[in-house]
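We just call them A, B, C, D, E and F in the order they show up, numbering each chain from 1.
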Amino acid sequence: MRGGMVFQRVKQLKFALQVNSAPYSSQGSETAYRFAKAAMQLGHEVDRVFFYFDGVYNALGYSAPPEDEKNVVGLWTTLAAQKKIDLVVCVSAVQRRGWAHNESDNDSLQGLVAKGFRISGLGQWVDAAIKADRTLTFGGDS
Amino acid sequence: MTSAFLFVFSRPPHSSLHVLEMLDMTLTAAAFDQNVSLLLIDDGVYSLRVGQKPESRECRDVSAIFDSLEIYDIDSVYVEQESLAGRGLRSGDLGLAVDILPRSDVGALMRRQTVIVNV
Amino acid sequence: MLHLVNFPFSEAEAAKRILSRMAPKDVLLFIENGVCAVERGAPAACEIDSFAEVVEIYALLPDLKTRGIGAASLLQCVQIIDYPGFVTLAVENGPVQSWFR
Amino acid sequence: MRGGMVFQRVKQLKFALQVNSAPYSSQGSETAYRFAKAAMQLGHEVDRVFFYFDGVYNALGYSAPPEDEKNVVGLWTTLAAQKKIDLVVCVSAVQRRGWAHNESDNDSLQGLVAKGFRISGLGQWVDAAIKADRTLTFGGDS
Amino acid sequence: MLHLVNFPFSEAEAAKRILSRMAPKDVLLFIENGVCAVERGAPAACEIDSFAEVVEIYALLPDLKTRGIGAASLLQCVQIIDYPGFVTLAVENGPVQSWFR
Amino acid sequence: MTSAFLFVFSRPPHSSLHVLEMLDMTLTAAAFDQNVSLLLIDDGVYSLRVGQKPESRECRDVSAIFDSLEIYDIDSVYVEQESLAGRGLRSGDLGLAVDILPRSDVGALMRRQTVIVNV
């Protein structure tokens, strides 16, 4: 009976992830991406990834690196297109780093970030962390 | 829903936005009525030192934000005893009333949390 | 709970400082450059070995491979896992704490 | 006699500086700025400051942070307007971080950087280091 | 030559590792967060003190002020300088090497 | 003009662009016909280890660049003995012929340079 499988998959959790380092000075963003993918493949939910501290550089003004270089941000953009996952870039961290403070509304700041990401506030992180069973933080220096 | 959030401050202040942005997270979690604690370890203990003069390098005075934690109903500010003593500091050198915690109790404190943030 | 360490300890003292903050039955996973810490001969190999009685110790396979570290050169107390294993450790051992350099 | 002063100021050196860290995760950029200013005030030359590694974030797509926040990049822009100092952002480091790889000529990449900086290659750093009496490197993690 | 250190040593061993790479008569300047290293009671205070026989040791004043570190709490072997003094040290002691965490 | 350039590799490879971008600087200095040396210390010694499989994480193989140093007339690649031994590695574990240098000689090597880059 198919119903039996439900009991075997009891431990399906909700994850919230946070990425706190720039894409090419630490492996944090890439580790978070691979963790998210593996978690979803195992049937868990990864509702939101929050980009904070220098992690906001993962989304800012990005086009794409030369083709022989690795493209961490492209991985996130592709994932967001394939799966239901909310990639949030912290507005105050963006503004502190000097990005477009004149455009105070999130809609116009939205034009600065790469495809698949959205600009919002820290409340989105707290909200995700409260709803999640597990919150993981990635980043640090290498 | 209420979760237990622990914010671990382990970096020295003043050279980066780390402490300021950690405090922003802390206050936001508090504004959502969560159970919020802070733990200062390693060079993070320098954040609470009295006599800092951040204006001499034109950066934000984080000690004012630490002072405001009370208003936000932050449960506890823990400082690891060994981190403090190992830097020649005593609780009297800190600009805030804190709970001094031996290193051997840090593990138990962490186990009681739902969310732990370090950077 | 699950502890993540993403950097190799440069000194035994640094390892002691961080490992002493873990509680019995906690789980410790080395990721990214952290996997260099669990090789035999690494600066804090002895300290990690002695903490293996208190905490379970893992290292992430793709990060070992990238760095040319074979299973044979790891400390005996270390178990190797892949990303699904990482997820399962996080599922079974909340909360999760990251330690950085 | 005024000529005598020349002998007292014999040790006037040429400096080359390098900034290797992002503006808000390390104090390196600010230290380099203050060193450059002090050196020029003492009569030394600071010909070129080269921004490399995550130091390129000091110049990328910058507008300005909110007014109550500190503005490290603005300091450089102001200095470049006041003094003869060459602020060079490394083109390959910029491109590797995903910035506008389609625009391969430096002229169009130039539109991405803050006022007072220019885009160029590593040869500019080597050239400055060869000509300088002292080369100093700023950055690192905090 | 001039060595710049911009981080506080977390362990005595870390200090030893870096200080051992300096040659007699070299000059060592602590800047940024590094100024925390030269306080009495800091983790590697003894090691720094013992190296003062080999190298001249300085700390940068504006960085001390920012962090609330008064001259009275510094190791006796440490001389305080400002930015013009930093420039002069670089002028008189080439080459310059930066040490990072 | 010819200057002596020393590039100090102290970070582990693979988690960042540090090693790749240091090598770019190194090769550019060599292309300008400067006297170029490399010094690997601390976790920087891992860069030369044989058996690395960077393709397993889709990043550039820096060992191929290290291999090409000879072509560019790089004077010397020094590896600090204590850094190597302290990680359980021997010169046979490295994919390149290097000069092993005791820590006590690092200071003298540095003093001979005009430009020293570390990151």
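Please note the rule applied: contacts are C-beta pairs under 8 Å (C-beta built on N, C-alpha and C of every residue); 3 or more make two chains touch, one makes a residue touch a chain.
What you see is a predicted model, and the numbers here were worked out from it, not measured in a lab.
A.B. asks: Both subunit B and subunit C are touched by which chains?
C.D. replies: Output, common partners of subunit B and subunit C: A, E.
A.B. asks: Which chain's centre, taken as the mean of its Cα atoms, is farthest from the centre of subunit E?
C.D. replies: A
A.B. asks: Could you state the distance in Å from the CA-based centre of subunit D to that of subunit F?
C.D. replies: So the centre of subunit D lies 25 Å away from the centre of subunit F.
A.B. asks: Taking the mean of the CA coordinates per chain, how far is subunit A from subunit F in Å?
C.D. replies: Between these chains, centre-to-centre, one finds 34 Å.
A.B. asks: Distance from the CA centroid of subunit A to that of subunit E, rounded to the nearest Å?
C.D. replies: 40
A.B. asks: Spell out, as numbers or ranges, the residues of subunit B touching 2 or more other chains.
C.D. replies: Where subunit B meets two or more other chains at a single residue, that happens at 12, 14-15, 17-18, 42, 57, 59, 114-116, 118-119.
A.B. asks: Which residue numbers or ranges of subunit A touch two or more of the other chains?
C.D. replies: 24-27, 53, 69, 96, 135, 137, 139-142
A.B. asks: On subunit E, where are the residues touching two or more other chains?
C.D. replies: Expected reply: 6, 10, 17, 32-33, 62, 94-96, 98, 100-101.
A.B. asks: Which chain pairs here would you call touching?
C.D. replies: Applying the touch criterion to every chain pair yields A-B, A-C, A-D, A-F, B-C, B-D, B-E, C-E, C-F, D-E, D-F, E-F.
A.B. asks: Per the contact definition, I'd like the list of subunit D residues that touch subunit F in the complex.
C.D. replies: My answer: residues 18, 20, 52-53, 92-93, 96, 121-123, 125-127, 129-131, 135, 137, 139-140.
A.B. asks: Can you list the residues on subunit B that touch subunit A in the complex?
C.D. replies: Listed in rising order, the residues of subunit B that touch subunit A are 1-3, 5, 17-18, 21, 24-25, 28-29, 31-32, 34, 114-119.
A.B. asks: Please output the residues of subunit F touching subunit C within their complex, sorted ascending.
C.D. replies: Residue positions touching the partner: 12-15, 42-43, 46, 49-54, 56-57, 59, 86-89.
A.B. asks: Enumerate the contact residues on subunit B facing subunit D in the complex.
C.D. replies: Residues 11-12, 14-18, 57-60.
A.B. asks: Would you mind writing out the residues of subunit E in touch with subunit D in their complex?
C.D. replies: Against subunit D, subunit E makes touches at 4, 6-7, 31-33, 62, 83-84, 86-88, 90-92, 94-96, 98, 100-101.
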